[in-house]
Amino acid sequence: MARKLFSLSSDFGVGTPGIGIMRSVILEMCSGAEIIDLWHGIPGFEITEGAWTIESVAQLPVGYHVCVVDPGVGTERRGIIIKTKRGDYLIGPDNGLLIPATRMLGGIVKVVEITNEKFMRKPVCPVFHGRDVFAPAAAWLSKGARIEQFGQEIDPKKLVKAPYEEGSVSNGTVSGEVIHVNHFGSVAINIINDEFAKSGIKYKDDIEIDTSVKRINTKFLKAFGEVTKGEVIVIPDDCGRIEIAVNQGRFDEKFGVKVGDKITIKKSL
Amino acid sequence: MARKLFSLSSDFGVGTPGIGIMRSVILEMCSGAEIIDLWHGIPGFEITEGAWTIESVAQLPVGYHVCVVDPGVGTERRGIIIKTKRGDYLIGPDNGLLIPATRMLGGIVKVVEITNEKFMRKPVCPVFHGRDVFAPAAAWLSKGARIEQFGQEIDPKKLVKAPYEEGSVSNGTVSGEVIHVNHFGSVAINIINDEFAKSGIKYKDDIEIDTSVKRINTKFLKAFGEVTKGEVIVIPDDCGRIEIAVNQGRFDEKFGVKVGDKITIKKSL
Amino acid sequence: MARKLFSLSSDFGVGTPGIGIMRSVILEMCSGAEIIDLWHGIPGFEITEGAWTIESVAQLPVGYHVCVVDPGVGTERRGIIIKTKRGDYLIGPDNGLLIPATRMLGGIVKVVEITNEKFMRKPVCPVFHGRDVFAPAAAWLSKGARIEQFGQEIDPKKLVKAPYEEGSVSNGTVSGEVIHVNHFGSVAINIINDEFAKSGIKYKDDIEIDTSVKRINTKFLKAFGEVTKGEVIVIPDDCGRIEIAVNQGRFDEKFGVKVGDKITIKKSL
């Protein structure tokens, strides 16, 4: 990228005024910025969905990624900057939100708490750190401020834990949980495609999905067009995770599945 | 335009992550790009609504227009580039989606199937050709790649048919179908204003609308303010088509009308 | 800002096609423009919510701000440009929509009616002045056109009145009305923080909210994290106004409150 790339994600609601305001804070400091809205439809206060969202920065060019799902804003919870191995900076609250994305970006290089008021927009409003702390931090970093200047380093082990770990894979069985329901009602689970492959389940294999409530027999495939309308399908999604869907229908509603639900996928005997 | 203009449309849902990801693919290749989101709220898999959406590119400067409503992604359906007489490139699946817009852009100059992997983002994900095939094709075209380099030419007559043709107009009668319901519940029909004029129906004429279910007596007017709140009105819309609406109300809900319904408008005797 | 800043707001619906079309009108005339979508989810035809929205331009850099909530489009209602003391230009219909923002921008310097067709996109569609009159006016102003060139000056006192005035504050009591319900169901009232302070109500004071229907005992605080989930809270919001909310819940639904409702806040005895 010739221009600096920023991404913004939040639970503010798609297209709501706070987004344009955060955007203008960055543009005012960094006039040539390219700012991408990744997703602002993260359900309110849902750290799991937020963490899933920021995993997608791995599909963007290296940049400055601000994410705000922040029920603790204005309290003692810390604001942090994480530098990742790929070279990105993740900026947001220390509530677990930013951790899963670091796994997709090669891991954590350094974390600091944001305490240096020099890098904040004043006065700092206790209900909008996105505008007054996180967006300015991203802009300052892009202009050459060093991460050490923002505050004390934090041991990554002392950060608030991620809202989900990776699911488990054994021979013929995959166990995970739902971490996102998309616009079409399809669900993503906490199993990346490369891990799934270790289960030995292969393209076109018969499989059984267990949602705790219901068992569904289907196949592991690659594209929606391989089944007829209304059929259940398990595929590698476009973000590197395993997706379960109903072709041209809503898996979430049909089977009463929501974020946090346990899912097991087994190779059929 | 001093900078290259791109537009993106899809049924991904307004403001969802895939949009930002497609945007970044273009920006990474073409740093000075201006990328406009035309509409991402096209109802899922609805080719008719999608085709109506892309007609609006006629109101944008000449550019590179990517549209993704693509229930057949990952199957044998073809990905195509259409060059139009106005100079635009339309990029998306060969499922009829792109055809109506070509009528608004002076017609088709050339069509090719996209098969040259050199112009794709690798690996190509079978469920996200918007990111891996269509957005990169748009960026490459803007950088000077010639349409012939992407694949074999296709005879426009052999493309999948448009989801709608233009309605018919005779003396005093206009017959069409609903091709879009907008945010306010007003409907657009497949009759352009210039064709409607051939019916002899003029400004302020009394007319009768027949929705198959209901007959409504009203007038052909120009602006909502010409009727009181709650009244039905037929007007030329802002995109060149005939619109039927309830002033400050929802025509679709009041009369149970949806995309695909037949509509007849007659001059009252 | 090195580049010219524009903002767009409307009741068109977030992410709908008309927004991209207005954006392209500005970009075509002013290639280096930075265009921010402030909010397009203003409820249809709601002047009060629209006026609240444009108050937020005070948080953006000085710029050209187009707002379209315009039930009278195509009738005799005037299109206007307001120059504010801060240096911004507000462009939209003369229906009261633009007035409250001027109070946040230091007041009105000059108002003109837009009548000079030289600055319009032709033909002017009677249902889309946003595209054909207001967006082009913003672009022309940014290119150096003087406000006097657009039409006759209007005495600010002769503009259509604002949809709300500021609420009243006396010792220990604040009386106002709801002017906005946000994405989370929290409400903003027509009392700015500096005025509220004159009531003598201080941080952590016990207060009573009277919504006409219900009385609620709570405290005046600063951040959501100061109360537990589900508790009512009154705080200064991020835009300079007083906000009433339920922590991680919807105040509007819980207490049946909507835009226009009277609200009184009293210091508890």
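Per-chain residue numbering starts at 1, and chain names A, B and C are given in the order in which the chains are listed.
Note that contacts are C-beta pairs under 8 Å (C-beta built on N, C-alpha and C of every residue); 3 or more make two chains touch, one makes a residue touch a chain.
Nothing here was measured: the structure is a model prediction, and the numbers come from that model.
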Seminar exercise, completed: Matching the CA atoms of chain B with those of chain C requires turning by an angle in degrees, to the nearest 5, of 120
For this session: Compare the two sides of the chain A and chain C interface and say whether they are made mostly of the same residue numbers, over half shared, or of different ones.
Result: different
Problem set entry | Rounded Å distance between chain A and chain C, as computed from the means of their C-alpha atoms | 32
Problem set entry | Sites on chain C at which at least two other chains make contact | 14-15
Seminar exercise, completed: Within the complex, chain B is touched by chain C residues 12-21, 23-24, 27-28, 31-32, 44-45, 71-75, 77, 125-128, 131
Exercise. Okay, in this complex, where on chain A does chain B touch?
Worked result: 1-3, 5, 7, 14-15, 34, 36-41, 53, 56, 59-61, 182-184, 222-226, 235-238, 243, 248
